[in-house]
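Input: structures, listed below.
What follows is chain A paired twice: with chain B in the first complex and chain C in the second.
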Partner chain A sequence: MRPVNTPWKGSEMSSCFKIFKNLYRDSVSLMQVSARISKLPGVAQASVAMGTEANRAQLRDAGLGDAAGAGPNDLIVAVAGDEDACELALSTAADLLSSVEEADSAACNAKAAVVSLQAMLEAEPATNLALISVPGDYAAAEAEKAIRLGMNVMLFSDNVSLQQEKAVKTLARERRLMVMGPDCGTAIVNGMPLGFANVVRRGAIGLVAASGTGLQEVTCRIDQLGAGVSQALGTGGHDLHEEIGGISMLHGLDALIEDAQTRVIVLVSKPPAQAVAEKILARARAAGKPVVVNFLGAEPALIERWGVHVASTLADAAERAVALLKDVPPAINDDAREVAAREALVERRSQLAPRRRYIRGVFAGGTFCYESQLICQRQGIVAFSNTPIKGNHPLDNVWQSTAHTLVDMGDDAFTRGRPHPMIDPTLRNERIVAELRDPETAVVLFDLVLGYGAALEPAAELTTLIGDASRTGNDLPLLIAHVCGTDADPQNRNHQIHALREAGVLVANCNAQAAYWAAYVANLQKAE
Partner chain B sequence: MSNLFDQSLKVANCGLDSFASNLHEAGGDVNSLSWQPPAYGDVQAGLELASLINHPLVEQANQRAFAQYLDAQPVLVDVTTAVESIPAMAERKLILHAGPPIAWENMCGPVKGAIVGAIFLEGWATSQEQAERLILDGTVALAPCHHYQAVGPMAGIISPSMPVFVVENRPTGRRAYTNMNEGLGKVLRFGANSPEVIERLRWMGEELAPALSAALHMFGEVELKPLIAQALHMGDEVHNRNAAATGLLVKRLIPAMLGSGLPLDEVRRAIAFILGNDHFFLNLSMAASKVMMDAAANVPFSSMVTVMARNGVEFGVRLSGTGNQWFTARANPVEGLFFPGYGVDDAAADLGDSAITETAGLGGFAMASSPAIVKFVGGTPTDAIAHSLRMRSITLGGNGAFTLPAMNFAPTAAGIDARKVVDQNILPVINTGIAHKQAGVGQIGAGITTAPMPCFIEAIRALAAQVREHTGAAS
Partner chain C sequence: MAGGILTALSIGYLVPQMLQQPIHFMTHSRFRHAINLVSDDVGMMALLGAASGNAPKAIRLNLPTDWDWRRLSGDRRVTWGNGVLLGHGWSVDVRQASLWSPQRDGIQELREPAPRTLDKLAQVLGTHSREQRSCNLSSVFVGSLSLGWNGLSATSSPALCEERVRAWIGCGPGLTPSGDDYLLGYLAALWPWQRHPDLTSHLECVRELLKKYMCGTTDISRFYLGQAVEGHFSESIHDLIDAVIRHATDEETSALAADVMNHGATSGADAMAGILGGLRTVASVFHRRWSGSDEPSMPCPQETYGMATHEARDASCKHTMERQ
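Presenting the complex of A and B:
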């Protein structure tokens, strides 16, 4: 009638029991002890019970012996199994029955982990921005929750569909909240670095950028020029697509127009869809404060007619903004920068073997790769790239350079399943070394991106590798780089530049200048 | 325009930890989530959930549903037969069972056994085969207790002639019904249907129910909310431990029973029966909970859970906003301790309507009150408190009528918000007995289990569709 779990082979096993006189334990405690000793190896069955007539009958039925002499106030421990196991079980049971459990008050006071944005808002009601970097599949849902809870959003996550991006941004617009991203890598809000941001002085220049490294370059350059940043807002790379309509950039622009701290505004993006560009520029024209626009590679005249200030490069945007703030004309133009370094370049170039004809750009910053391609193209250099601009060619094999090649090592092809080169430059450094060893390379052009979240000593490993390469070969290409960062960054820009120069790298002030230099050298080699 | 620039930036970091440490290092104010994919990683459900977060329709509905739950005053008003209180039973041969709807073929052993027992009790058949034929040819209809404002523990069988307690919500007059607890061992609710079981049930109808009825008429109605509140201060959580509550009930009824003029022998037998069963109050605790949850039911758009119930195969959930719709999933296993000689292979799946107590903020939610219970999973009183604390994160608020001494007399967490369950992957905890999977063996252990996530996910999707339809927004 009462089923027994364990196949019973009484003849091969022993059974024994122990009676604890006048020991009462509640039934749950008894079941606990019973469960513990049942699990001991070699124990076939165990029972711990008070010695009532019914319980003793049950023990007999189960073949656990007759605990004669036990009364209702006595506790019986009965086991069956290997002889040794039975003994161990009895002594274990005795220990368990006599032990006093220690009270642990820690759990009473422990604060439960907060796992949802809603719970966070309940715990921290003043929360006003959600920084979301969860996997892309879940990112839109978290962003929507944040908005519904009244938080602004920075969405670092990528792989969010345009449809979801649109839905999230539309919802935010209805609630007058800001969405930066998806795929927004950097921002500075109220002086606080979000994502990969640099430590820049606070000031009166406000930015909205659809490009992460573009934003970093302009803010750093502003800092280097002695001015400061009020707000640096990101939009994510898709915001200016026709489908999204620049919701984030328009929102950011409006916010900066209203912001009393902001006196000059800078907008940075790849060329937007026509209709989107017009909407943004119309708003910029009516800003009531100067707006500098760098739509990388866009026809200047098309922008100028909206009454805004056109910048030809990222660095130029910074210089124009600072000049507008100080109410002076922009100090240097791009050509002047190139001429300033001409002598040094000519001297270094003269040591290059004639077969070294090509630029090999290896970038961590996507926008730096893009801008460098633009500048090289303007100098007549058509290049290959994994992210080619209009007029350039795609690489057949992104791992293998050919002729002039500029690669964005932060692109999906290189980052799938591994960290971005800004965080872990190993792969990028390997590519630089490969280009150094290529007998056709005239210039290795690269960037170092500093700031929160970036590698802490980006120059250290690289300069060691360059040192190794120069010891093994006497005929090396030129190395031209620029360092995007500030001296206040954890990595210290000055320190990084010094390390690069020690290793023989020519360090330009900005990405545009580095690209000019590279193009200048390549064109000299070609002319020869 | 957002006035973020004029505020002090306060960030919730959801994802990469390094972003929080950077921000912290820069002097920023940032708190990190221990984020995990909501809805157990179901992306589409996660999106539907997001659409409901802080939604004004849902928030307002929940406020109303929760207030109605808090306002409920369950009062034991009467003892009748089931057929007197449930008119459908007069119209046809109807037997009620625990949990969500389930076809006879799919029912677990104990429920089948109990239904057959009820058919014997009603005298509709005298053999197992005869009884099964009546069910299969539709002569005897089967339906969930919850479809008739009723609840029953374990198999939860209620048939027309059985005595039922009538519990009424004082402010609204809405009633709930429950059968009477038979005690431990061979009992109908665990599927036993032998002559002694039927005999006991007959006796309960013939002697126990009249004695209780007489006592009630002498004593007057019994307010259950204060009684439960008192029991919570005496070590009960009124699901798996009802020792104190049973005592408190008997204390009220004995003088009245003695003064009822019934033969002393009958009174003595009735009292002895109740005193011999520490779980006697469980059914009343369930009916009180049912009345409280019904008060919160049918508020459109509310994400508050109003029913959690199991039929031994599936676990079922109802939301206030989606009315009578059931959301079901396979029941989760019970983590527990077994009586000597039994193990996990002998156990039936989670069974019974008794999870209505957790739905009402009692049982597992009030575990801090009942340190004896937490030992079922090898825990300490501290674990009991941790369970009660954790339930706060998935509920709409606290019920000030039910306070927990071990937590500084904090109100018990109540009003499960299905959104919070899905958003945080925190499942409602349920204290439960474990039935043997074969009919009639009885209880073989007890422990703790949880309500399965898929129920809540489905419920959230249905609610999201309802909200979408109402607001006319495209999905």
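Presenting the complex of A and C:
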């Protein structure tokens, strides 16, 4: 190692480098090392590059020293920053480079990297499902490849046109295969969670859903009620569009009808096109098994006449399915949700200033936002939203709430260039804090979505922020939440609920209950 | 992890002529699912995992899921004879492997690359670039090409070509530096149109410069560039160029571009940038669409290091621009 003192932006900073003779590491490993050391405190610049003449010249020009002793096949690690930080960075790099092999090997033991579908089939000929998550431009072509190779497809990607979706699904139907998606975020197939799925026990209730968080809510509620899930199949949000014709939901429904493990079937979607709904309900009527249908916001009578069981909310769908499975009446009804907590709500609401009149819903789950709007509307509350249901109003500025506002923070406007709030809740938490500070907010209504792929400690940062807000001495609005998940999830639902309650949040059993509570409080404030 | 008898899935079309007689190889470098062998007689040859695409001087193997070449220590010698590669604790029987050879049948006349295809490739490269940037993996070649920059053109003078090639060889991050990957892609794109009167001399110029300066880069990069100057490219690159020639659908072209870009940390994207640059050069001789200036600007080479901070990157770029 050769330390070199180099002036940098007016202050005395060190730069130094280390040459690793004839060291070959793949590019991904080199990038990982570079990223790790560049994030160390006090490191201003870091470079990990092969010692070619061109790279040595670049290092010299960048003030990172003259690694004249390096040859093209040597690896140079060069850093600039505080002297101690540079020393630490070089020793860290040395450790990482020597441990890359072990780290990679561990990963390799878990699962070999596969970069093409054909290669996957060559390695594992029994493979019959491809999970595709690539930018939307490539997604349809990759899905078509998988189908032609005889695989079912879970298409995590979004930004696939209806035309492409129809082509892919038609091809799959011809080959008796299923396409889950596009924009299918969750599924459970033969007990294997895919995407943002939760850890639920296996059982006899099968689901087909055109809504990701809707499917999560129903499966989690089933688990909470002591039953289990045979299969949970996603279709993507556009499947029940007239142009697609519900191809995937029909395939999924048929699969569950044929599946001996499945004794009760649940279908979840926003209201489909009428012709599509009739096709699906006709098939459901002939299923030979009880079918619970939750077409969020659809007129119950129009569904009921097909001889299926109508659920008014996601949680209600789970409760009805479990009741059918156990051959008992449903354990709870919608009215009871509100009454159960009325006393606590009245007591907490009595501390609210009269100017606090509005619900501010901040959701990570798009379907939770949709269902909450429906429930609030049924309670006479017309709201603004970035994804308004019929009868509600679009927000002029999605970053700014007005009157009653319920926002889906997973919508494109908030996730362009950023992770989804289920993965990184930072932006969602900032919005919650902003709503807490608004003197007109009566209730901040929100969700925490747990499961594979979701943030590991979603309540931690949020409760800290709530604590900070409460220490300002100002009165705060009510906080009402629900946690979608199970105790077996990596985040442990019970642990998250406990953290929220410790921070003063009222935690409902399900999204519908949380929305009822919020509407109840808002209506009390309005009456005053 | 135990060694064992490995199954060869396919062999590249240049492998049979390398393995015509018994040979003693040495292990040059080992990665998790790839190993490079080298011999004084036939040069370098790669053994790749099944997940990799085919390459002219490579053998694709079906490796056990827990396989890691780096964990096979000991004797670095590998011998070839009677259809079997024999290493310390492992062997590969290639006699049942299929031969991969690129096909370009049925194309009688080379048309210009479709403008919409170039736009599409720029778009997918731009998307990829933004995603890479979010992981601090952005390369100046990828970012610049997606925005319309082209470093070489058919009208570039030999002196300018030499300046560029000399500056880019061995330049940038990765085991195969970004500049090398870019040049490889550039050459691949030009290759099918090598007989076009406006491209012949430019292609020949770039080839000769690569031969002249490739000694300045890593052994592994030189291995691939050495094949490129003779017109030999990997399956994924070949398939993409073929799709461009056939005027394939946007969906097919995009998917094949993704296959190219999925290679390595930035190598695939840098090669894709080179392909796009090369195709723009080809298009320019048909329509002068991209030629614009005889002296295209240089990208900021420091950025190929993926500097640790934006400030540092900006400072370095500014310095380079001023130096020009």
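Keep this in mind: the second predicted complex is superposed on the first by the 412 of 528 C-alpha atoms of A that agree within 3 Å, B and C clash if a C-alpha of one lies under 4 Å from a C-alpha of the other, contacts with A are read in each partner's own complex, and residues count from 1 in each chain.
Everything that follows uses one rule, which is that a contact is a pair of C-beta atoms (placed from the backbone, for glycine too) under 8 Å apart; a residue touches a chain by one contact, two chains touch by 3 or more.
In this text, all values refer to a predicted model and were calculated from it rather than measured experimentally.
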Query raised in the report: Thinking of the overlay built on chain A, is A:286 touched by chain B (first), by chain C (second), by both, or by neither?
Result: neither
Report task. Determine, under the contact definition given at the top, whether A:132 touches first (chain B), second (chain C), both, or neither. Result -> first
**Report entry** chain A residues touched - chain C or chain B, whichever exceeds
**Finding:** B
Query raised in the report: Where does A:142 make contact in the superposed view: on chain B (first), on chain C (second), on both, or on neither?
Result: both
Query raised in the report: Touch check for A:49: first (chain B), second (chain C), both, or neither?
Result: both
Requested in this report: Tell me which partner A:192 touches in the superposition: chain B (first), chain C (second), both or neither.
Outcome: first
Requested in this report: Would you sort A:31 into first (chain B), second (chain C), both or neither based on which partner it touches?
Outcome: both
Query - First, second, both or neither for A:152, with chain B first and chain C second - result: first
Report task. For A:344, select first, second, both or neither according to whether it touches chain B, chain C, the two together, or no partner. Result -> neither
Query raised in the report: Which partner does A:72 contact after superposing on A: first (chain B), second (chain C), both, neither?
Result: second
Report summary line: chain A residues contacting chain B in one complex and chain C in the other 26, 28, 31, 34-35, 45-49, 58, 62, 101, 104-105, 108, 112-116, 119-120, 123, 134-135, 137-138, 140-142, 144-145
Report summary line: As the complex stands, chain C meets chain A at residues 9, 29-34, 49-53, 62-63, 65-68, 70-71, 120, 123-124, 127-128, 130-131, 134-137, 167-177, 179, 216-220, 250-252, 254-255, 257-259, 262-267, 301-302, 304-309, 312, 315-316, 319-320
**Report entry** chain A to chain B touching residues, read off their complex
**Finding:** 2-5, 26, 28-29, 31-32, 34-35, 45-49, 58, 62, 101, 103-108, 110, 112-121, 123-124, 126-135, 137-138, 140-142, 144-146, 148-152, 156-157, 176-178, 189-190, 192-195, 199, 230-231, 251, 254-255, 258-259, 261, 452-453
Report summary line: Per the touch rule above, chain B residues touching chain A in the complex are 1-2, 4-5, 7-16, 18-20, 22-23, 25-28, 30-31, 33-38, 43, 46-47, 49-51, 53-55, 337-343, 345-346, 372-373, 375-376, 378, 380-383, 385-386, 389-390, 393, 407, 420, 423-426, 441, 445-446
Query raised in the report: Taking the complex as given, what residues does chain A use to touch chain C?
Result: 9, 24-28, 30-31, 34-35, 38-39, 43-50, 52-55, 58, 61-62, 72-73, 80, 101, 104-105, 108-109, 111-116, 119-120, 122-123, 134-135, 137-138, 140-142, 144-145, 164, 417
